[in-house]
Amino acid sequence: MNRLDVTEKIIAAKVSKGLKWSEVAAKVGLSKEWVTAGCHGQMTFDAKAADAIAEIFDLNAEEKKWLMVVPYRGSLSTSVPTDPTIYRFYELVQVYGTTFKELIHEEFGDGIMSAIDFKMDMTRQADPNGDRVQIVMSGKYLSYKTY
Amino acid sequence: MNRLDVTEKIIAAKVSKGLKWSEVAAKVGLSKEWVTAGCHGQMTFDAKAADAIAEIFDLNAEEKKWLMVVPYRGSLSTSVPTDPTIYRFYELVQVYGTTFKELIHEEFGDGIMSAIDFKMDMTRQADPNGDRVQIVMSGKYLSYKTY
Amino acid sequence: MNRLDVTEKIIAAKVSKGLKWSEVAAKVGLSKEWVTAGCHGQMTFDAKAADAIAEIFDLNAEEKKWLMVVPYRGSLSTSVPTDPTIYRFYELVQVYGTTFKELIHEEFGDGIMSAIDFKMDMTRQADPNGDRVQIVMSGKYLSYKTY
Amino acid sequence: MNRLDVTEKIIAAKVSKGLKWSEVAAKVGLSKEWVTAGCHGQMTFDAKAADAIAEIFDLNAEEKKWLMVVPYRGSLSTSVPTDPTIYRFYELVQVYGTTFKELIHEEFGDGIMSAIDFKMDMTRQADPNGDRVQIVMSGKYLSYKTY
Amino acid sequence: MNRLDVTEKIIAAKVSKGLKWSEVAAKVGLSKEWVTAGCHGQMTFDAKAADAIAEIFDLNAEEKKWLMVVPYRGSLSTSVPTDPTIYRFYELVQVYGTTFKELIHEEFGDGIMSAIDFKMDMTRQADPNGDRVQIVMSGKYLSYKTY
Amino acid sequence: MNRLDVTEKIIAAKVSKGLKWSEVAAKVGLSKEWVTAGCHGQMTFDAKAADAIAEIFDLNAEEKKWLMVVPYRGSLSTSVPTDPTIYRFYELVQVYGTTFKELIHEEFGDGIMSAIDFKMDMTRQADPNGDRVQIVMSGKYLSYKTY
Amino acid sequence: MNRLDVTEKIIAAKVSKGLKWSEVAAKVGLSKEWVTAGCHGQMTFDAKAADAIAEIFDLNAEEKKWLMVVPYRGSLSTSVPTDPTIYRFYELVQVYGTTFKELIHEEFGDGIMSAIDFKMDMTRQADPNGDRVQIVMSGKYLSYKTY
Amino acid sequence: MNRLDVTEKIIAAKVSKGLKWSEVAAKVGLSKEWVTAGCHGQMTFDAKAADAIAEIFDLNAEEKKWLMVVPYRGSLSTSVPTDPTIYRFYELVQVYGTTFKELIHEEFGDGIMSAIDFKMDMTRQADPNGDRVQIVMSGKYLSYKTY
Amino acid sequence: MNRLDVTEKIIAAKVSKGLKWSEVAAKVGLSKEWVTAGCHGQMTFDAKAADAIAEIFDLNAEEKKWLMVVPYRGSLSTSVPTDPTIYRFYELVQVYGTTFKELIHEEFGDGIMSAIDFKMDMTRQADPNGDRVQIVMSGKYLSYKTY
Amino acid sequence: MNRLDVTEKIIAAKVSKGLKWSEVAAKVGLSKEWVTAGCHGQMTFDAKAADAIAEIFDLNAEEKKWLMVVPYRGSLSTSVPTDPTIYRFYELVQVYGTTFKELIHEEFGDGIMSAIDFKMDMTRQADPNGDRVQIVMSGKYLSYKTY
């Protein structure tokens, strides 16, 4: 057994039970973004969250332990995603990659936005021309230093 | 001459003149995100914006015309970016790709967040533990339909 | 179980029963293009269509649920398809890619033909020199906007 | 000198002169789709068309000769296109590739739609919900035969 | 079950029974080239040929049906073949690719040799310096046309 | 200067002078297949042939010397060719690769068809259904031996 | 069953029985280099050698037959090997590739060292500064010829 | 200027002067294998050897300095070589890679043959069935150790 | 059974038993770095260490034998790692690769730091600004020599 | 002009002047590791350091400005380095990648060693069995956090 087996069991159970990630997150007591990533094998749950997840998806003790092991991250099966919903984010990196870089450097200096000390919130933005997906990302600025 | 030549001329002029993208954007009268992307050859300027850009960076008439031609987009030289500042965004797609997908589908149904009808705002978030980069993305939800 | 398992079951059942996609589409009440794509794991069926599909291919309740889950799209096993019938479409993108781009921009401005708000119809075109495959594609024009 | 040099000269001249592909095509007396592809180095012009192209874009005798040489085709610089407008067509191959294949086989038998004996027409489709890009493709059906 | 399963069963049965492809082809009544390709999952058998194949290799009714389904073609597991016998053909494409192209264009004009309306014959050529493999390929010439 | 420069000069001169490869080959006194490959930088000319080539294409003494240097072979710019005329040969390797292998082994034993001790002849095959390209390949059989 | 299954069974049996390849080769009566390659699915055994191999590794009649079938060669799972011991040989091709080429051409003319009519011997070379691995390769020279 | 420029100048001078690598090596006083690799930008010359090389190929003082700088190694332009003479060595790594590994481990234990503390000698082996290329490689055995 | 199976069993047992690598290493009597690498299938255990590992993870006699077989090394499933923790080391090679090279050459001459005669130690470095990961690598310098 | 031009000028000047990186670093007043990386276009110099660098390498005012612009990082021309000295570091990531990950997680929890807040020191380690390269890396631990 490995983490991937647990991820697949969770996803299959979700389909079978007809659950929503926001409901799962509410029961776990964390954001829907983080919980969804964790259930897809990208984050490490602590014991309390693992208990909640295990109960929701009927995981056994062995499976629950895997939720608390740091996973090998990376949720795409190819380096360029084929799924259109995910590809659009890759496209943003292609089109706006140099812009992200320039504006971070202009505002902060030589460094990066952390993808580790990071959080994210996705919401619906009502709009008469068609509702919009709004994503707010926040990552700590980390600076290159001389030595 | 092609758009890439103009992009390189703009970037070299910016270094030489010591300009900031936010200053350029203010003169053009558009957001710093969109103007920076355009100056990196990823967006199409209209005549008025092209005039402003041409004046700021000393472009000649021929070069200005290229700013108004729709570019071949894609600002990365490899499918996985090597630059750490840009890579972190690719990493977010790797780690959160399935999460983006799941939460969009849960909130909206089967569809995508548009990367075309899209806008973005990057700001500094003051934080006692170290300031943070905040990026707010907003893209229209587009739905797959049956036919 | 996942969507791929359901796709494989549908395809095996189709071979075994000797069905045609156009017959399946007629029973489902949608176009043959959309239904074939859906049965190959590329579209999401609503409850009514899923009922019809399940009955046609003898799917159980669990399998039927997967038809209603948004799939991870992408039907090719390599980035350049090896199958000659599919490769020809890739070849069209290679040969006509810049032409598609130029003519869309000339007629509409800076933007794209949506592959989401999209429909397609494939028919036989009788021709004394050999019948022809005719494909009519229609996708909404989406415009890049300044901000 | 090679064909690529001529292509680049044509494109630069078009930007400089502010021409439209449809105007160029009208002067050449062929479809806008075929002429645009040819000007992008993907088709071979006959002497009469080459004369017209040369006059429109101020090509010299040497450059005109290259228009009549069969080119090495392929207009993308990467196997998966990075430009969003072109990528959407690649995405159609990813999502609908198996569907194209199944429906051609169902209607015609084991064979392909030719990408050589092929023509294409792109038009604007007025639509109250936003105009649409319509592309009509027609390729001869070619059959695999036993021997 | 899918076509690959049937291919593997045929190959295993051939090893077990000690058959030759030329014997199989003789029983089927078609060329050894076409039958070998078909048994490797690259061609579609008609009912009569499928009956013969099924009897030779002890296939059941379900497996026989798969022989009559158009396969997803492509017999190499990597884009550049690793097997030396097959690699030599890839090497011919690398070394003679531009030559094939030039001579077809010189003799016929702008077009291709069809790989669909195609046949092939492989024979032993006795030679005092060591026998030779002779391959005669014949493919219909298909012409690009203006429109 | 290197061999590629000489190849490009030859090709440009051929376009400019309006020569045919079969005419060039006749003057050189070798087959059109071998001479075309050599002029594309894939074969090594001896002194006599190099003299003929140099005279035909107005090469200087330095350039002529390069014709007699063994070249770094490989005429494709990508591992999978994008040009449709050349791609069809790659497609034959994909579809018939395992068949080539099986039939060589069945007729000769464990070994290969040499791509070095190799010759080739391409001719037009008149056919009422459309003329055909015929290619006769002949390569020495080379056997793996135990030791 | 296929050749890979037999290879894996042989390797597992070797570990379990604690055999050495040199002992296996001695029993088979061929070189250790050839026998090791054959046991790794890269060479074809004749009946006598297959009998010996089958007895050593407890293969059944079916498995023994596969040893006599020409394998699909290529023992690396990636085009650049990740294992350091094997990578060093790839590194030699990277560093000395052009040197191999130049010296073969200088000594023999335009041609290659055969990798088919080839043999190899690996021995320990005692050395006070640390023993050395000595590999003697011998391949027939094959010449490109004009035609 | 960089090392590649010097390599290209050396190769062009060699063609122009009609030199042989064995003659160059004799003048330098080192093996033909090492000198050829060095002249192809893969080895670092000491001052005495650089003087000799510079005199032979008419290099100026600046160019001579580059011969003494450690180069960025790797003489292939693609990860799998396209040139047939070099490819055969890559093929040996594909076919014999696991054999090299097994026999080194069997004779020496867990370690590698060094590609750094390495030397090589290439000679002609007269043979009535056609002369053979013989390559003797010798690399120090390096052992993995526990810690 | 192969080494990968043993690796997976060890990892699953570690999760199930809640062990730490440092505890495992203490029992084996070797460094935590080497033991962890070995348990991940990257090093070869001697009999004594294999006994200890087998006891800790409940391996049977067959599985224990595999621990003593030299493994096929390479612990990443893609050439560029997707996991952020591992990617940072790849990033160091991207950013500091030429620096590593230059400084080794400046201090030692033309050669490499061995990755075989190598050891490593990872420790926590207390720091008021946040603790740091310290890695001390030590590899024997190996020199290229002329011959 | 861009940063790459400046990097190439610095490297050429270093060869021409016969400088050492440690001497350059001493004049700049920073570590040799950081200065070497910066001179290879991987770090951003402040005004004082840029003055020193410009003086050492005879850079003009324009070139000096580029030293103060944040560069697009990544010093390898292929995703897997071909140079043996650099490849050994890539090999360490392949062999020890999972070990780095496990031990960081065991000691610190779920997080990474920063490659931004990072420093490094490379020294010679005298050793009677041959001197060793010692590299001490120190990077801040960054923790994934729940939200």
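Which chain is which? They are A, B, C, D, E, F, G, H, I and J, in the order written, and residues in each are numbered from 1.
Heads up, the rule we're going with is that a residue touches a chain if its C-beta (ideal position, glycine included) is under 8 Å from a C-beta of that chain, and two chains touch if they have at least 3 such contacts.
These numbers come from a predicted model, not from an experiment.
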Count of steps on the shortest touching-chain route from subunit E to subunit J? 2
Labels of chains that are neighbours to subunit G and to subunit J: H, I
Subunit I-subunit J separation of Cα centroids, rounded to whole Å: 23
Give, as an integer number of Å, the spacing between the C-alpha centres of subunit G and subunit F. 31
Report, in whole Å, the distance between the mean C-alpha point of subunit E and the mean C-alpha point of subunit I. 47
What positions in subunit G touch 2 or more of the other chains? 33, 70, 72-74, 76, 79-85, 91, 94-95, 98, 101, 105, 111-112, 114-116, 142
Each pair of chains that touch: what are they? A-B, A-C, A-D, A-I, A-J, B-C, B-D, B-I, B-J, C-D, C-E, C-F, D-E, D-F, E-F, E-G, E-H, F-G, F-H, G-H, G-I, G-J, H-I, H-J, I-J
Footprint of subunit G on subunit J - complex, ascending: 80, 82, 84, 87, 91, 94-95
Subunit C residues touching subunit E - in the complex, by the definition given at the top: 8, 11-12, 15-16, 18, 78, 80-85
Interface residues, subunit G side, partner subunit F - complex: 30-31, 33-34, 43-44, 46, 49, 70, 72, 98, 101, 105, 109-112, 114, 116-117, 119, 142-147
Listed in rising order, subunit H residues that touch subunit J in their complex are 1-2, 62, 65-66, 69-70, 72-74, 76, 79, 115-116
So in the complex, the part of subunit J that touches subunit I is made up of which residues? 20-22, 32-33, 36-37, 40, 42, 73-76, 79-81, 83-86, 88-108, 111-115, 118, 120, 122, 124-125, 127, 129-142
